[in-house]
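The following pair of complexes shares a single chain, subunit A, combined with subunit B in the former and subunit C in the latter.
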Partner chain A sequence: MKSRVVDRNSSKSEIAEKECRKKTFKSSPWKNPKLIIGATVLCVLVFCTLIGQFIWDKTLVNVGSSPLNLPPVGFEYRKQIGTWAHPLGTDNSGRDLLTLILVGLPHSLGIGFVAASIGLVIGILFGFSAGYLGGRVDDVIRLLSDTTMNIPALLILIIVQSVIPNADFFVMALLLSLFAWQSPTRVLRAQILSMKHSDYVKLAQLSGASDNEIMFKEIMPNLLPFLIAQLTAGTSYSVLVLVGVEVLGLGSQSKPSLGITLNNAINSSAILRGMWWWWGIPTIILIVVFMSLLLISVGLDEVSNPRLRNQ
Partner chain B sequence: MNGLTWKYVLRRVGIYLLTIFISITLIFIISRAVPGDPVETMWRQLEMQKGQIEEIDVIIDHYKTLFGLNEPITVQYGKFLWNTIHFEFGVSYAHYPTPVSTMIKNALPWTLGLGLVTMFIIFLFGNGIGAIFGWERTPKFIKTIIPSGLLFTSIPSVLAALFLLSIFAKNLGWFPLAGAYSNEVTPGWNWPYIASVIKYGFLPALSILMVNIGWTVLGMRAMVVTIGGADYVRLAEAKGLKPFYILTQYTVRNALLPQLTSLALSMGGLISGQVLVESVFSYPGMGMLIFRAIREQDFPVIQATSFMFILITATSVLLIDLLYPLIDPRITHGGE
Partner chain C sequence: MDQPLLEINDLTKIFGKGLDQQKSQVVALQHFSAEIAGTPAKIVTIAGESGSGKSTLANSILGFMKCTFGTIHFKGQDVSKFTKEEIFRYRREVQAVFQDPYSVYNPFYCVGHIFDIAFNNFHLASNDQDRRDLTEEALNLVGLKGEEVLSKYPHQLSGGQLQRLMIARAYMLKPSLIIADEPVSMIDVSLRAMILEIMVKLKKEYGISFIYITHDFSTAYQISDEMYLLYHGMTVEKGDTVKIINNPQHPYTKKLIASIPTIEEKWEGNIEISDTSVSAQSELLPPPLFTEVEPLHWAVLTESN
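Take a look at the complex of A and B:
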């Protein structure tokens, strides 16, 4: 983009001005290609699964609802040919993979999103108080986040889930949020510390605004892209932990999910039996989800931090 | 004092001990949070599944005294704390009467070996590649590979493991499907054994490596780009030093320090990834131990192994954090 602008550099001031206007329009920070691609892919995926839930027969997730070991359409596996009735094939206990994905994906993403949102709210409260108020509050919050930050969420969740096997949506989200607030807290604290002495905050202080007003009305709007980036990264992390716990064979067995599908595939040695669709399709879907979440958060980071652009 | 003040060390070690303490407490609370008594629930369940068990009350009572479940909760907590820091985790339910500590002792070397080797390679090669990508003199076409590498970093290592296992072990048959060494070799310091261990460990290590190395590469590249414009680098250039010498002795040396911090931060993710990768490859480390224990509902093993992983994570982060000020004389902690 840079070179194009240079090429067209004309001596005529009119064209230059036009070009300049075009450039500012084009380089609006929100028109970040990474952000747009990531958000589009994720939205399409979520939209399709939500629509699919209404069109497709949801009872096909039940064990024995479909023929066993059926390959996807256009493939043949042990003399069975894939049919349109089960376009993505079935597993070894007769569950339709398409339905597993349609039902499982929004569920996992939903848990991750709720967990990250709770984590972000705690992170905003803690990070803002620690950064803006400082002193004792800062010490306590920093100690709390420093001590819990190095505990891997996956392992605590393994212990919890082994004792409470059938945690539902909100219990799961709450558990995950216990490990989703440290990162936003740290990052926001650092941001607040750097903004605390900026001119507009000083001006607000001089004009008699209260601490709460300055924190939430003056500083927070400036951090908006930053907050969404944290939310996306948090969602990605929570879904990652959730999938990890499920791959190990924990998590609610009554609700289908991609992680549990992978666990079934590993336990039934789907790879050795050559049933690639059983583990491969959920894996690809998850990879697409994680990639788009990463693109969104990297894109948003670039929106909020101009120095990261054009590197 | 080389930047390593007592105040910093004390604070850091204090946080470490507090982390361990909080984890043990969490594990204790969680394991006692179940309604009813875990031993009784388990045996009653077993009775329902497998039919009548003779003298079940005697067995339950024996286990209760064995685990100290008849004592008041504070005493139980004190004992749990004491036993855990002495690595006394009781006996396995599923492999009675094997002590859990024995199982962990057998699995620990595999986990540590795999983890340390992978971490070392990630740090060495990640920073090396990152430095080359960030260097001004590197040809442009090499630099354009970077954006695709970024996407790789978002894939969980367990998913990469599934793909590697399927392609290189199942379809191509280049690598073994499971285990840590071949049955035909005798463990010990002999070449066939070492070669076998490397061959069996290659794919698990690669699946952790290929997704985690990206962050190190990107971090190093950004650091090299930033430091490249610093005054002291300009001065070195003006002095006529060789560009490669400047890159290694000026730029990379200074960039390594923040890279060490980010390594410490990513430790939790690395280790969690390893738990899952070991399960996929049936690698006989502690990750596999957790995977099997979950299937067998072997609570002491699940708790003990999780605790060991938390301990390993916290310890390695502590070591890196203590190393940091030793390397960087500019930083004086706690001197504000």
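Take a look at the complex of A and C:
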């Protein structure tokens, strides 16, 4: 009789242990709908543009390579009917809009991502040293990040662009990264400061855990979503600034991008002439990109903060 | 043979700020000496108001903080001269229960994680069955069941449950000393008695000594055997708990005891709030001179006595 009771207890706790493992590693935190939707949309978009690079004729990006002012398939504009040769229409200099997007989107996203990555690496270095070392190092880093954070990126970039008119991919990424390191620095510093003295780090020490174990098993899991959230937020911010500069007509004119396409559309009064596809389609693409990046950041925020999760 | 479990001698901690160490220093704890015999197990209360150096003392004993001078000897060995392996062994013998049960758990893991890291690092069990049995035994002691709590996240449990889990974890390691840093101050009053009963049970049945850090005299009176009273980092009264509370000598002790609200009396609210209790101690004073008031009761006597 007694042994049966013990058996039932142990099998119950076995089930409990399995449930716990399932919750931690399989389902709960990372299966966040916002995160999944955002990541899926962004992946599909990036994947499509990358595939499109290979199957679509990239020379159509050149001026005069296509008929002028052609509307998208299924629409008519000034007695011209859209054709499948140019499914998203063309602009007034004979550039195929689909090609512009296929070439321009990876370019803009790439610059944003590289800028955010550089910013994140600087942020990790500065944030960890400020958080751990404290004292003077902390004071200097904090002063630097707090003051530069309030300088509007667009203003500085407009001035710099007038000096370096044709900045290429990496120069542009480096310039943008000047404005992408402050936020990760601040966030990581704050996180490390609070985690360094947290009771669960103390408890892990009392449980005989080594420093490495505390860093990687106790602090890192809680920091990882922050890092990725900072990366996506940084990418989103950098792309926004980049598009802003390009819409103003600055930035590299040699490579097509979404911002430059919008600038051309504005300069050629596309809105007045009723050529909605010229400015509309790049705008929709940008909205989708920003929305998916936002969903990823918000989703990651919920992953890193269990209290935001639905119970 | 009769080596005390923990012997603290003239422990002092001074916090300095900036380059000008002289002017802005704060003396958190000064000339603290105490001895905990270990056999028979005792509950020793360290009492005092906020900022009186209680937590500094706890952090020093646990090795989270280096003291300015003074020594802590554990079973005759100097804690500050421990090697890595000795620290590891010391960790098993001296455990802690913290004040805030909500912050002790890593929010990323289920609460069972606190048992897992202890098992993994201290190699307590040879197989999964042993692990489950040991965990279950510790949990049953505090009135919990493994399948009900272990797979929950910290934010899904109540403070009382979390604190009982902490005690279960500490018990599972079979330490000789548990430092309980205000273990009941953040818990519902109705659950306090249960936590305190568990502490007394661990002392009586399993021979685990406690250092019970609190500002609450009534709970200290209930459970503790000895008491050290801290005022601005200085010990002002020490000895048998019952004797101190029944016959307080130092004006500060008297004031603290008078300020305990009782359920029989209507609160008059005529307690003086003195300025001196707020300001931090910035000077290191000479060691306190104790007078033996009665057997097992020492106090620092001032002019007003």
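Quick notes
The rule is short, and it goes like this: the second predicted complex is superposed on the first by the 259 of 311 C-alpha atoms of A that agree within 3 Å, B and C clash if a C-alpha of one lies under 4 Å from a C-alpha of the other, contacts with A are read in each partner's own complex, and residues count from 1 in each chain.
Going forward, a residue touches a chain if its C-beta (ideal position, glycine included) is under 8 Å from a C-beta of that chain, and two chains touch if they have at least 3 such contacts.
This is a predicted model, so every value here is computed, not measured.
Once chain A of one complex is fitted onto chain A of the other, the partner contacts of A:266 are limited to subunit B, with no touch recorded for subunit C.
In the superposition on chain A, contact of A:63 is made with neither subunit B nor subunit C.
With both complexes superposed, B is the one of subunit B and subunit C in contact with more subunit A residues. Using the contact criterion defined above for the overlaid structures, shared-chain residue A:293 touches subunit B, although it does not reach subunit C.
When the shared chain is aligned, subunit C comes close enough to touch A:222, but subunit B does not.
Touch criterion not met for A:55: it reaches neither subunit B nor subunit C. Of the two partner chains, subunit B is the only one touched by A:158; subunit C is not. In the superposed model, A:199 lies in contact with subunit C only, and not with subunit B. Residues 311 of subunit A lie in contact with subunit B in one complex and with subunit C in the other. Those residues of subunit B whose C-beta lies close enough to touch subunit A in the complex are 15, 18-19, 22-23, 26-27, 30-31, 33-34, 38, 150-151, 153-156, 158-159, 162-163, 165-166, 170, 177, 222, 225, 267-269, 271-272, 275-276, 279-280, 290-291, 294-295, 297, 299, 302-303, 306-307, 309-310, 313-314, 317. Those residues of subunit A whose C-beta lies close enough to touch subunit B in the complex are 143, 146-156, 158-160, 162-164, 236, 240-241, 243-244, 247-250, 262, 266-267, 271-272, 274, 276, 279-280, 283, 286-287, 290-291, 293-295, 298, 311. Across the complex, subunit C meets subunit A through its residues 62, 64, 88, 91-92, 95-96, 98, 100, 103-110, 112, 114, 117-118, 121-122, 129, 132-133, 135-136, 146-148, 150-151, 153, 155-156. Listed in rising order, the residues of subunit A touching subunit C in the complex are 9-10, 12-17, 19-20, 23-24, 29, 198-200, 202-209, 213, 217-218, 221-222, 305-307, 311.
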